[in-house]
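Going in written order, the chains are labelled A, B, C and D, and every chain counts its residues from 1.
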């Protein structure tokens, strides 16, 4: 049985045909304009029509950033697209005569890792997607945890530091202000001001100080051995590990999967993450201890997970 | 179908026959010595035998403070009783020829509230038991969340303040260091040092400063209108609400039930808890919002919940 | 004996003739370009020449934002003007044949309050200037505390919150990130996101959300009774008071003077400031307790203080 | 000209004759009972009488832990001795016909380092005495900073962590809760709970866990190379350095002198202290940078400093 997964991003949609083992059989991509919901819908409808040709498809899963309605039929609020209380499923159903489910993109990616990636041998896991922000997904007893209002897994907004850095959500000290690509870039920019003598490599790699320094510059400089960049990446890992220990106290998974581009830095990130987790885990030694592993699936995880959720 | 629930406390065991509607039909209580595991077992066996007389019992549920094994057959670690990796079920089975399940006491109490108390109309809830420490239970999609290692719901050890107050667990800043009976007493003792002029009523109620001040003195003084006590209780509520907003971000329940003696203070506690929750909830207005309610069942919740878990 | 004080700001210089009682007898103002140090010098020289006409002047004091050299002859670093290790006194001496001293602008303003304003009856005081940032000055035993490197009184960069808000200085959690006009505006902008239902008055006063909200909008809305604005101003006061209690532990002044435009809000600011100070003061009741008062001199304090420092 | 310095400790008094170069010419020690003020006075009077024999003495300086009155004639509050608003100078004058000054013991020790120890070549310094708590002294422009109420230099009660560890003073997060012998011992005890696998050497050295672990065990284990102890000591240094950077922002000394038994650990403490200071110093590179050095004088610093203060 085949299904189609669609990942609606800020500037494009990516769709793919996925089989029961999570394999992508065909894909289609269309650029989109985040301010034009109607055009996004048309792109999704066109992609699905194109991919269905010559195949029997059982359903469509759609992944998008934002708060998804509890019934998985719409988007309550999206940070990047002009949707507010938007009946996305009905709009798509006008052009797609298949069952459709909507899911948060981090949830979809986490589900893909659970079904086909790093988590395929466990029943309880959390996934952390380190992108611009910090997304999450929780699988408990083999089921995706959605919560009463469809908002479970918004782990990036757990408060880590009272009166800490302001988050775009209006609150202070959210986890994603310390463990995300944005946090990495911000820490690097500030380090360039506070310790100019240590930031030469970073500033050079970025072509200048200030806003020019991006998270990828830090990752690359760290992999090239720059001590400040290594330290900044370790700090990100330390915050990841600290938050994972909180998740262990609350939902007690067997595995935490870390995804996102920064995972490319390998042990430079994963080492400090594990070390920090071990230091912060309550009752360590008196309880089982989760493993922390990098994600196995790449950018296609959201599409694959959404397709698989359409099957269940 | 009847089952028996047993709550093993630090100084006594309480057992009861519970029907399918959560009604207690009969109870038995025995004093116990926390340093003598064998005597505790005998007390449980005796209580069950006594309560079975003339009744058909389908199983026994046992609630105890501590880390329970993932298979619910033993106690990995208990804070108050001399158990370490203790095969409690096998020990009890030697004298009880019924199916037995072991469960963490806060989980059992939370399950009772979910089935028969404040949570009986919802599918997703968390329970917070404010005792000496802060216990928790999570129900997701109608199922008790146990986690991979049986340690889910240890919410009291979520870190709230980096480098904050030391917890008995060896870590700093655990939630229960700010939202528990122990925290309330400690805050009161320190307030008596820092603001002696405001602490007269509290010190008088306690019969002296320092260790004499207990959490119950604060609750009573607050209910009598003492401004400092009202403030201390509100601070406890503020920390409760802040942590509940974190739980909302992670597991997104429809309801948070607050239990424990301090709930007797009513709105003096619940008001600041709700207010703090609302202030800290991420994406408020763009998502459904949980309710916060006091527990309906009293001290018997652990026993009733354990009995009901033996049924499922 | 008359002296001249000059206050070099980001967009203008203000100069004045000051007598021994701190009275301003005449003033002159010139607009300036912060990127053109030479033009700034010419403006100062012209102003002094103009004000000297027909008067006997004993010296010139120059106040500027930034790190002043220990010998008070130059500017090590200025945040707003293109000066780095700049020999300002020598440059000015080329056109002014009078003794010249350079002083940090917050120090100069604090000295003016000490000599002629709120602090005229004490020997030990601190001044906090709440502007865009948070400047400070310390007077101990009747002497302006300059420190070994001319950097004493940079109180705004005392760390208040580990891992807190980033400061322009590259560090996290500096006091001025919580107690300054910039902090007030930032808190208001974020409150408008986090609690949109409470921020109507503020957003309306500002003509929109986001960057449109300035500190002055908060002050005005608070004075008009808006509850959220009152709360934001109280929060600023709370942070002011907390830091003043730290200063009391370190330098133990008799008086803390609070200056800056926000002081116009009166008790809405001063009340929470005093309350927070009292709550945070260590060993309260076992030691003398400083008073907290608003500044008496206005924007001319820097000019008057610089003039008086040229006399000593 | 000779003077006598007396250091009143919790269980003994130590007195000594000191010359103008800070040399101790003779000493006398008497055990005392902290609950018996009259016996303490007699011990001081006896010691002075004994040391005066055959010498011309110009005055007596007395150092004691606690809040000293602004006029240096009494003790407002002492943590270890039964003094409250106690006219110590008048009581001693009944038996000593010499000028007497009372000074806080940390101030006296700091003054000794300033005059004869690590600070003898500077005009602006701070001293940090790491004992059970964290004492401080500030010398500005060659003068001991006493403050308006005699309480300057109580640096250990600067708040470092909002809602952090409770201090004996009733407040939360005081610096001495993170940078003192008590903090070191507490951190070690908690590490033994949180990381039992890493704490073997420490627990063995102490002869057991819990209260048996003292700060000296950590220092010794660190010097013997134990990784956990090294880390705990480094953490103490990190907090010392962070606070010193705050002092640099406020009083801007040229030198910070660190005293107390823990300084015996040498670079294991001083290295992390300096490193942390450099990381936290605001505007580093745009301002002069203080040095951090160990104290040169030992336990006699209080006595020597008090004697010298009696001379000025």
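Throughout what follows, a contact is a pair of C-beta atoms (placed from the backbone, for glycine too) under 8 Å apart; a residue touches a chain by one contact, two chains touch by 3 or more.
The structure displayed is predicted, hence computed values, not measured ones.
Interface subunit B/subunit C: over half of the residue numbers present appear on both copies, so the contact uses mostly the same residues.
Distance from subunit A peaks, on a Cα-centroid basis, for D. The centroid of the Cα atoms in subunit B and the matching centroid in subunit D are 45 Å apart. Averaged Cα coordinates give subunit A a centre that lies 52 Å from the centre of subunit D. Measuring from the averaged C-alpha position of subunit A to that of subunit B gives a distance of 34 Å.
Residue positions of subunit C with contacts to 2 or more other chains are 161-163, 169, 171, 194-195.
Residues 162-163, 194-197, 279, 284-285 of subunit D are the ones that touch subunit A when the two sit in their complex. Against subunit D, the residues of subunit B that register as touching in their complex are 161-166, 168-172, 178, 186, 190-195. Of all residues in subunit A, those touching subunit B in their complex are 67, 70, 76-77, 122-124, 136, 138, 140-141, 143, 145-162, 167, 169, 171, 174, 242, 245-255, 280, 282-283, 286-290.
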